[in-house]
Amino acid sequence: MIHGYRFQKVSLRISQSGQRVYFNTESHKDFSVLKGIALSVGYENALFGSTFGFRVDEKKVLDESHEAHLLVFGNDIAPNERMLFFETPIPIHSSKLEGIYTDSALQSLLGNISYSPGGGVIAQTDVNVKKTYVSGKDIVSYSNAVVDVLPAYNASNVAVVGGGGTAMSGAGATAAAPPPGTPPPPVYYPYDVKITMFLSKQ
Amino acid sequence: MMSTTRIIYHPVPFIIRQPLTPVTINTVLPGHIRKVIGIKAVHSAGVQFMATGNYLPVIGYLSLEFNNKRYHFGHLDVPFDNRAEASDAFLDAAIDLAPGSLLTGNYENKVFTGTDYQKTDGTVTGKWSNYIVTIYLKALSDD
Amino acid sequence: MKNNKFQRIRLRVSSAGETLRFNAVCDKGFRTIKGIYVSLPQDKAVQGATLGFRLNNVEVLDDGHEVKNLTATNSVAPNNKFFLFPEKIEAAGGSIEGRYTDGSKYPLLVDNGEDSGVYDPGKVDFKNLAGYTTNPFGVVFPYDVIVNIWLTNEG
């Protein structure tokens, strides 16, 4: 016997800044809809700028640039409300569930100057730095992980364009780095990310 | 198996690189998005390098138009909120999208605008940090 | 006869990373378990702690279920503090077997020999964590956990 709901979980470990971790798993065969998803992250300070993408049967539900902090719910709200609930529950049938977590993904974009001087919309291709979802049947097991590290954000890929005073100059990631005297809150590595998916029979 | 219409969350991130220059948003939404049912705009990264606390009710104003400027959504206040609790609250919307239509609008930074962030010659100072705001569209997709 | 009862199970946690197994029998005067609320005396003990239980040998919450999702701060109205099960869980004198694991070694607790990636909680040997004495949140031991189970005849 089994109840009509299940909280299916996947846990990830992030051990360094900028790391991306991919997983895929199969939804439990006895459940037919996915009603919600939530994340919990070991250190709150790791949340901001980190992203989590999610697909079901290779269809995107959360874009890879979806911010992790929007999927984490505090203890100040009622336990039954701590989830991103899908208004339209997602049908599943032993479905492929895929996720990708990227630590500090958005901070790495702060120094990007390939936009107009004032700024602008960040292209999807900038956020999705490489093809991350693995298609096909080769990776099906729960424990299969793909881990990689983003190319370090550095001065060489923020080459000053157009000269002039508006360019970010200086050593390293001037634009992305915090100004002196205001150190960013620390993030301790490794930290763990737990993904909870709310499955139901109906 | 997916149904023909399903929920999808589509983020549109944009970067603010200067305190006083409004950012123009002009992007084509994916053709498979049929209807927008919720909208929110959040600060994503960057302001924490300028702010001392972890919450500011308004850091800028956003205006948005859908369907090639035919539908004005109105103005949104964008807060800075680096507190650890999230909310899945979206502003309700019911906007049927023409396939491949534009999302347009603009964003005006309203904080960190003084001369200690941008000098009179237009260059930004070391106190300024570029920042990213993301518009989230909760939508129905038929792909 | 009352229609509701809050049955309490008290556990004493004496060291970091400890796993406690417990058994209880639901009061047989009540038909269903409506919800659960776990009360901890220290907020910092919530992070990483897990609680799973089975009722009459059927899993209600798996062992990796986070206590974080079964508790609430005092900002939440008392009536909303319980996690309410998505369906009626027949109780009627059923026997509960539960497992609580302290999370204060978190995140090191989950180490399974790999640096990063996806890990399988089933592979974690909670008994064998030699070398991991970290208590990053400064949890004070011992502390008592109260598992409150909401039994009801309503609905």
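In this document, chain identifiers A, B and C correspond to the written order of the chains, with residue numbering beginning at 1 in each.
The definition used in the following text is that contacts are C-beta pairs under 8 Å (C-beta built on N, C-alpha and C of every residue); 3 or more make two chains touch, one makes a residue touch a chain.
Keep in mind the model is a prediction, meaning the values are calculated, not measured.
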Self-check item: Most central chain, judged by mean C-alpha position against the global CA mean
Solution: A
Quiz item: Compared with chain B, which chain's mean CA position is the farthest off?
Solution: C
Quiz prompt | chain A and chain B: spacing of chain centres that average the CA atoms, whole Å | solution = 18
Quiz item: So what's the Cα centroid distance for chain B and chain C, whole Å?
Solution: 39
Quiz prompt | Averaged-CA centre spacing for the pair chain C and chain A, given as whole angstrom | solution = 27
Self-check item: Multi-partner residues of chain C (at least 2 other chains)
Solution: none
Quiz item: Which chain A residues touch at least two other chains?
Solution: 74, 76-77
Self-check item: chain B residues counted as touching two or more neighbouring chains
Solution: none
Quiz item: What does chain A use to touch chain C in their complex?
Solution: 1-5, 7, 9-16, 19, 21, 23, 38, 40, 42, 74-80, 82, 142-147, 188, 190-192, 194, 196, 198, 200
Exercise. Using the touch rule from the top, collect the residues of chain C that touch chain A in their complex.
Key: 37, 43, 46-48, 58-62, 64-66, 68-73, 75-77, 80-87, 89, 106-108, 110, 114-121, 136
Quiz item: Quick one: in the complex, what on chain A touches chain B?
Solution: 44, 47-49, 56-57, 59-63, 65-67, 69-74, 76-77, 83-88, 90-91, 93, 106-107, 109-113, 115-122, 127, 165-166, 174-180, 182, 184-185
Exercise. Over in the complex, which chain B residues touch chain A? Could you list them?
Key: 1-3, 5-18, 21-27, 37, 42, 44-46, 48-50, 52, 82-88, 121-124, 126-132, 134, 136, 138, 140-141, 143
